[in-house]
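Input: structures, listed below.
Across the two complexes that follow, chain A remains constant while its partner is chain B and subsequently chain C.
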Partner chain A sequence: MKRQEFRQKSNWQLIFALIIIIFSIYIYLYLNNSVEINLATSWAFGLIVGFILQRSRICFTAALRDPFLFGLTKLSRALILSTIIITIGFAYIQYQQQLGGLPIEGKFVPLGWHIPIGAFIFGLGAAVSGGCASGTLIRLGEGYKLQWIVIVGFIAGSVHGSYDASFWYQLIRSQKSTHLPQLLGWGNALALQIIFLLLLYLLSYWWEKHKF
Partner chain B sequence: MDKYLDCTGEPCPLPLIKTEKEMNKLKIGDKLFIELDHTCSMTNIPEWARKKNYEVETEEVDFGEWQITITKTN
Partner chain C sequence: MNGKSLLQKLTEKRVSTWNILFKKPWPYWFGGVLLAVVNIIYFAISGEIWSITSGFARLGAWIISLFGVNVETWEAWQYYQYNLPWLDNNSWSNLGIIIGALIAILLAGQFKLKKIKNKKQIITVLIGGWLMGYGARIAIGCNIGGLYTALASLALNGWLYLPFIILGIYFGSKVLIKLINY
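Moving on, here comes the complex of A and B:
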């Protein structure tokens, strides 16, 4: 393809992007004014998170796969760094909620066999389809035809998963979920988690050095 | 001998696995041309090749299609 033709196509793409941005702002304003503010905020956050995920090229599947296949740990280290940031941010939010006497936000699930079993099934799917949940959605938007098949399986699997959910929850109902800050205190829990993550970071850095 | 690798339509990590195999077969000074359309591999392959101290060139040949040229230098 000639450069000129390529440029012209790029211009068309820019106009299309502008139309979509204006349309998104319109949806935000509509949700904000006539439906519910929470929905409008969710819409805005969804767009921002999607944009960052797409532009940063972060791939959770690759972050966990590339160290073993190729010895590349750049994505894993990015993931560990973002987990450190999330840890600090969530600790702050949860701490404020506890001070205010509010229920603590977050997903609390007790440890058990359901985690390795679920992770194995998810990992099989991610390896075959070439992407985890967010990766599949991003590539769908980027225009990969393969992901259209994946999204059908994704929806079917999710539906079947929620159909089976009562069976899985029944396995773990009797156990109590662990919240480290309540067990160790906020300072200790935070320090433990961050030190552990930093060690993982160093380990992956060393692994890449060892492989190349 | 230079080698051409067509990886269009193949998702991550297949292009890099194939690249790794082909690079092992090439002699020093040979070039590998890889055609691909998966954005993840577009970051994956150059990063891997640069870590290996190979010479890397990338070019977007069409919308969402790239050609990577790797020269085996060691």
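Moving on, here comes the complex of A and C:
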């Protein structure tokens, strides 16, 4: 009886999933045909990332918390591995941009005390609300009503932060580039970052085995 | 043949493939590798880099602009451009992440609306969400744009971000444990 009930329920969910997939493809085609900017690619990218993160239960907050609270580093090591791979891929694309005489793209933020302060406040919030930015979006999709409250606070806090920008960005120390290859050269920058990530990986492994 | 017909065996095999792909959680490392590959492809074909919270800032700014607030002159937009939400790449990828997760959990047959436990929880997470939004705007990046894709870009600011988000999460977790106990 229980089994039968379960099967009926998951069939209903399967049909619902198919309807949403078809609708998502329709949105993709609509964006692709009617808007000149690359919104369709972002939409498809989001769908795939949401799918991957839900399937693999990846949570950045847990990866940054569990080594210190519980001595668990499996998730942290998976994300360090992910960072190594993405570093190599991005470096290749950036290098091609440089060769082509294009501006090098990346998430570059001028250095200053606003980064430590902001990162600390973000971390506090992520721990208290039970999920970071990606985690909050995933849990919204999974049907957690609590995350509707988180997202309201999140958006309100974001606007509040943008409004206060002129105050906080006085802390920006210099507008110099933070792109490591421009500071150290491509070979050194790439080698340094990957060796450091590998050391973090090994340290995490050792931490889980022996320290906790 | 162990008392099972070929058809039965094939059906079983199909069910178990389905379970591995869509029902059981993938291993963390597999998700991590896929996440990196998808991000590299996204950067290569669109020139866009994944970030989340600047999309929230644009969405929120647009909402309050409906009430007559002049948001376009804010200094913040010198660091991340102001776009209308429906013309903003981050807003579309954010929406995609929600729907992608919904599709994944529906295919697994595990979707369920999960209730809120109590009022204390509402206030706690409202403050938590607010802090995340505020902090991400000060640092110009959340755990994705400030950390994951910043490190991917070989940006020094990503390495400055890492120790302080860890500290924040550590103290936040201690506070949360205290809150639960009281």
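In the analysis below, the second predicted complex is superposed on the first by the 204 of 212 C-alpha atoms of A that agree within 3 Å, B and C clash if a C-alpha of one lies under 4 Å from a C-alpha of the other, contacts with A are read in each partner's own complex, and residues count from 1 in each chain.
Note that in this section a residue touches a chain if its C-beta (ideal position, glycine included) is under 8 Å from a C-beta of that chain, and two chains touch if they have at least 3 such contacts.
Here the structure is a predicted model, which is why all the values come from computation and not from measurement.
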Note to self: I want to verify the contact counts: of chain B and chain C, which reaches more residues of chain A?
What the structure shows: C
Note to self: Applying the document's definition of touch, where does A:Arg57 land relative to chain B and chain C: first, second, both, or neither?
What the structure shows: both
Notebook entry, point to check: Is A:Leu14 in contact with chain B, with chain C, with both, or with neither (first, second, both, neither)?
Noted result: second
Check: With the two structures laid over each other on chain A, which partner does A:Leu72 touch: chain B (first), chain C (second), both, or neither?
Finding: first
Check: Looking at the overlay, what does A:Ser34 touch: chain B (first), chain C (second), both, or neither?
Finding: neither
Notebook entry, point to check: Where does A:Leu146 make contact in the superposed view: on chain B (first), on chain C (second), on both, or on neither?
Noted result: both
Checklist line | Common ground on chain A, meaning residues reached by chain C in one complex and by chain B in the other | finding: 6, 9, 57, 61, 65, 69, 74, 129-130, 139, 142-144, 146
Next item on the list: Would you pull the chain A residues touching chain C in the complex into a rising list?
Entry: 6, 9-10, 13-14, 16-17, 20-21, 24, 31, 35, 37-39, 41-58, 60-61, 64-65, 68-69, 74-75, 77-79, 81-83, 85-87, 89-91, 93-94, 105-111, 114-130, 132-134, 136-147, 149-166, 168-169, 178-181, 183, 189-190, 193
Margin query: With touch defined as at the start, can you tell me which chain B residues reach chain A in the complex?
Written below: 9, 11-13, 16-17, 20, 37-40, 43-44, 47-48, 51-52, 61-64
Notebook entry, point to check: Which positions of chain A touch chain B when the two form their complex?
Noted result: 1, 6, 9, 57, 59, 61-62, 65-66, 69-70, 72, 74, 129-131, 139, 142-144, 146, 208, 212
Next item on the list: Name, in rising order, each residue of chain C that touches chain A in their complex.
Entry: 22, 25-40, 42-53, 56-57, 59-61, 63-64, 71, 74-77, 79, 87, 89-90, 92-107, 109-116, 121-122, 124-158, 160-162, 164-173, 175-176
